Amino acid sequence: MSLLQVDSLSLGLRGTPVLREVNLIIEASEIAGVVGESGAGKSMLGKAILGVLPRDVTVTAGAIRLNGTDLLALHPRARRAFLKRDMALIPQDPLSALNPCRTISAQLAEVLPKGTADAKMEVIRWLDAVRIPSATKVAKSFPHVLSGGMRQRALIAAAFASRPKLVIADEPTTALDVTVQKDVLHLIRELQRETGVGLMFVTHDLCVVAKICHSVTVMHGGRVIEQAACTDLINRPAHAYSQALLAATPRPDHAGQGLEPVPTALIERMIAEAGDG
Amino acid sequence: MARLLVTIGSIFLTLLGVSVVIFVILRLVPGDPISMMLPPGATDEVRANLERLYGLDKSIPAQYVIWLRNVAWLDFGMSTQFRLPVMEIILDRLPATLELVLLASLIALVLSFAFSILAVWLQVDSATLAIDGLAGLAQAIPDFLWALIFILAVTLFAPMMPVSGRFDPRTAQDFATNFYLLESLVTLRFEAFAELIRYAVLPALALGLPLAAGITRVLKGALEEAMAQDYVMLAQTKGKSRLAIVLGEALRNAMIPTIALTSVQLTFLIGGTVLIERQFSWPGIGSTAISAVINRDLPLIQGIVLVFALIFILINLASNELYRAADPRLRTSR
Amino acid sequence: MSSVESFSLEKGRGGGGTGLERSTESISRLRMVFGCAAIGALLIAALFAPWIAPHDPTLDDLFLINMPPAWLNDDLAYFGIENAWAYPLGTDSLGRDVASRLIYGARLAVIVGVSVACLAALAGVILGALAGFYGGWIDNAISRIVDVWLSFPPVLLSIILVAMLGTTLTSVIIVVAVIDWTRFARVVRADVLQQRSRDYIDAARITGGSDLSILIREVLPNVQPLLVTLFFFEIGIAITVETILSFVSLSVSSGAATWGDMIAEGRRVINEAWWVMAFPVGALVITILGLNAMGDALRFYLDPVLRK
Amino acid sequence: MKKLLGPLAGAALAANVAFADDSTLTIAYNVSLPSWDATVGVSAVNPTIQSIYKSVYDQYIDQNPDLSFRPGLLTEWGWNEDRTKVFMEVREGAFWHNGDPVTPADVVWSLERAGKEETGNPIQFLWSTLGNFTVDGNRVEADVLRFDPTIFKWMAFLTAYVLPKDYYTEVGAEGFEKSPIGSGPYMVDEYVANSFVRLKRYDEYWGGAPEFEMVIFKFLPDASARVAEVETGASDITLEIPYEEYDRLAAKDGLNGVTTPVSDIGMIFINDVGVMEDANVRKAAAHAINKDLIVDRLLRGYGVPIDTLQAPEYAAFTAETTVAYDPDKSKELLAASGYSTDNPVKFKIQTTRGFKPKDYEMIQAVTGMWKRVGIEAEIEVYEIAKHFDLRARDALAPAAFYNWGNSIGDPSTSTGFSMFGPSPHSTWDTDDVDAMIGPLWGEEDEDVRIAGYQRVDAYIAENAMVIPLLQFVQPIIYRDGLSVTPHVANFLLPQNVSSN
């Protein structure tokens, strides 16, 4: 039994399809990359799994199973319990993902598993774990005193502190300075390895995927284009779109080579194939 | 410390400005207290005599200087109408007004918070629209019209509700202060408290409804905005229920703009007591103000205007402090 | 049309915002429609009052006192008229036609509202812009005056001022404008202060624009969306204050048909002839609702930040 | 500031009507009592407030509900032969509310105080016509410093109250305001300014203890609030309500009504300026007003049309002087001065609004009638304060509506003060009228004096120097189980209310 199993999941925005029959499997201790351009539906997939879809977006078909339990069939309260216990999110924008009116400590402490003896100490331990300097002081402060990178670290700490089984990282580095990006990426991989969670890594950056992911799902226009092991996809992309995407990505091993944008003709053809307007 | 001194200085400066303006305006108003006192058949001599008696025979600047000198010793003069020191009258009436304002604000806060939170929590279009509509209506009907509507409704449908005064003069109690409501509550006289509330609820509601609508508009908007933030989504992923998120995450952030806008509205509420008190025969400072204007009781008007001004200034100060306290970004960068 | 675009909602940071934006958009449209309808009706009544109104609004007829609206009028003989619909909304305690007074009242409401808003906006914009643009002692002085002004209880001050100036239409307009200009001054000052620090002002300076031309050409247009909103609110406030002053019997006299006057009069005969008060109250509330809705909607459409 | 009040009954939580017991009388009153000094200060000359003063204090001389005089604290009074001295017999057996007896010294002190300039008594000019008081037993005598034929009528009028000398000197002016005592039928029990005053029966009252144990005057300047009060049973009795409401309430179960013409008239002052110097315009304005129609339709019959400043109850009333409603004559008169409906004469008319029943509406109706004959009057609403000010400065508009109360019914306080040029309260100011009124001020023969005023009234009516409109009617609404004797002086005295 896989940790997460998404079965032909379809989402609709008031009649307009948003995701079409998406299948995805994530095993425990695996980092599964989900890549695609802006609008591909990758973040929406993450939100569907977490059950935090926007108000107008509804699940039209499919199932999301966590350790075999179909989350969609659960009563909202039971589902929230699952969320609290087994899943966590590392959000895209650290600047707006922390409540400006609550202290870091308060926002971290509330995710700690039930029965944590010394919440205060545990929070500081987690802040240390994500390498935030002078953690004791930071714990007491409000988010606005922290830099973007610091905030993202705090959010990562929050994601792992609840001891979840599945962490969904929604483009966790996009909003950060390039210099910080690498550190944060390292941190995520490190924590994942230590805790053994399954991690769904949503990004538009194949480069990043290549660095940390075990498997990759390429999405476009709300559907899955290609799913493969990471090394396979990087080296032998099967689908034309994946190839184009790959060509548009700067690769450390192909330094100096010019980048090819994804050809519009290809996109148009794919849209035609999808059969909607 | 320096900040405190500057604040106090600016309060005094503002009050001084208010006093000059009102003093000059009042002396340009046709009709004076002397004319009000003159009986049929009084001669010019009688008039001159009375003017001298009330110090109205001097030039306006001279009158102002004399008045200001007395005010420095907290002597606001004698009311020509009540023949008592202005200060004493104001201290006597102010509690009634403050209690009314307090109750009205309380009603406004409870209503507006309840409705805003309900609307954002339910997240149902029809409910949101209904609450928006109600708030718009409550705001479009000015307080004195509400009062009018309530008084009419009471005579038609609920004749047992009182529409005048603070309590039934036939049944009264021993009060050490003029804060009847608070005192009855503190001394645990609940029967008296309930009776007092019965008298206060309609004028307070008339005053409070437009304020409630105003707060609702701001708070609901701010809550909606807060609910669209990422930290709310993150909180959802922490398994929190929607109500818990509205109350625990969004409300605190939504409070900040709400506090800033409410203080302005609160001053309108207090200004509104002038009419509402008259309509409900509430023995506060507002109804006293109107009777003072009608009777050209200049010292009393001056005193009351200054008291209103001081209250407004203090409310603004308080809201500034509250605003600072509510927003951690301001708290630490001070 | 492309599906890429239809997913653009994903670009909105965080999911919750999307539904909100849509509902704000539709509510704004709703507000606009309602506001336009209410203000349109008001303007038509105001402009064409002499042609629409069935009677002279000031003409009393002591034989037609407190006649009910046409559909309730079942005693034509008593009043000695043949067609009840000649007085569609009935008559008041002086036998004046309520419908005609309502229509002419709209005219006065527009006159009072627009004049007050213009005067208050003019004073407020000039002083606010000066304070915001020049700062320094000018700002200090003007801000101090605004502080003093805001410290007066408005209703009380207006009653005192009307007692001073007399009870004509002009004095009511002046009084309300005198009391309310601070609303504009504060907003304009804050906005100009913000605009002044922007780059384009410096750019204009470098190209040698005079202060005045920069103020008029560069700064004020950027303040305008808020001004338009405030302007509409102010019209509503002016109409309300006129009603309050009529209510305490201090407003426009000379038999002029203002809604406030009608409400004040209707209140005295409410048990006898509810229609004298009910119709102007309705008109007043709908007008203010319409103005507020219009102001809100316009702010939404004019403010690029909100619209986005 | 401590409120000394009775215990709160548990029944307080029930409906107000539960309190309508027979021992308490609650009056929804139209004005607020500002000051307890009935002799000095603003409220002293406010006629509407006198009901409360008359409940707590005694006057030198009292008035019956029909305005006839009767003994108050004085049992006898009069002049000597040559009118150089007055005498007054002070009542025996009257006591202040603190138990002290009322003495001639109190009467002398009150009269002297009323005549002192520095107290600010507005009627000081009148009381100072007496001086050099002597007391002999219960008899007080005084020299007449200036003769005034109305002095004893004034002893039943404004500021003519006897206050307690010893108590007042002991507690001082402020102390007296806070806890006043008098010798009248009721004692002040609790007073909250702008709200209410509660009076308690004074069992030792010389005229016999009044019926109600407790009387409450609630101050409700707003007429609709007063209507609501009696309608909901929160008050037992009220006055000065719109006539429409009077008719409605009087017809209701559980409520009754009584109306009386009172000593208060509505009139249009004419100022001798501008177009008003043209007698044709004045007369046309007077003849164009259909007073009967105004009273019938606008006031629902509650009013008495009058043609002079004397109401039928006044001493100088005569039915002989009339001004007819004759719009054709008005048109002729106007035509003679070159005016017509196409070329109307224009002037301003001022009026109060809501101060007296239908005041503003009446003026609306009057201008409507004027319009039909060729007079275009622009209405300006003023407050009472402004009216007083303008009147004192002789700056009223050519026409100004106001009311004129005169509870002693003497022509000197109606025609005299309002038409005599040198009086600051007159508006009309011409030598011919002054020459006619002048000698009457000091006229010793009462019949000659009255006849003289009747001649003045006829002359004024003939020349339309003022336009009297009507005598007001006081509407009183009270609950079942009460009976009310209305007072022509416009008082609503708890002493005149009884339960049956």
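As written, the chain order gives the labels A, B, C and D, with residue 1 at the start of each chain.
We adopt the following convention: a residue touches a chain if its C-beta (ideal position, glycine included) is under 8 Å from a C-beta of that chain, and two chains touch if they have at least 3 such contacts.
This one's a predicted model, so the numbers in the text were calculated from it and none came from an experiment.
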| item | value |
| --- | --- |
| Label of the chain whose CA centroid is most distant from the centroid of chain A | D |
| Central chain of the complex, centres being mean CA coordinates | B |
| Chain pair with the most C-beta contacts | B-D |
| Chain B and chain C: spacing of chain centres that average the CA atoms, whole Å | 24 |
| Inter-centroid spacing, chain D versus chain C (mean Cα positions, whole Å) | 44 |
| Centre-to-centre distance between chain B and chain A (centres being mean Cα positions), rounded to whole Å | 53 |
| Where chain B and chain D are represented by their mean Cα positions, the distance between them in whole Å | 37 |
| Residues of chain D touching at least two other chains | 224, 227, 383, 385-386 |
| Junction residues of chain B, two or more chains touched | 30-31, 229-230, 233, 278 |
| Where chain A touches two or more other chains at once, by residue number | 47, 52, 55, 92-93, 96 |
| In the complex, chain B residues that touch chain D | 30-33, 35-47, 49-50, 53-54, 80-85, 89, 92-93, 151, 154-155, 159-166, 168-178, 189, 191-192, 194-195, 198, 278-281, 283, 287-288, 291, 294-296 |
| Residue ranges of chain B touching chain C (in the complex, touch as defined) | 10, 13-15, 17-18, 21-22, 25-26, 28-31, 125, 128-129, 132, 136-137, 139-142, 144-145, 148, 152, 224, 227-230, 232-233, 267-268, 270-272, 274-275, 278, 286, 289-290, 293, 301, 304-305, 308-309, 312-313, 316 |
| Residues on chain C engaged by chain D in the complex (per definition of touch) | 59-60, 62-63, 65-66, 93-94, 163, 166-168, 249-250, 253-255, 264-265, 267-272 |
| Touching residues (chain side chain A, partner chain B) in the complex | 47, 50-52, 55, 77, 80-85, 87-89, 91-93, 96-102, 110-111, 141-142, 144-145, 155, 158, 162 |
| Chain A partner contacts - residues on chain B that touch it in the complex | 123, 229-231, 233-241, 249, 252-253, 256, 326-329, 331-332 |
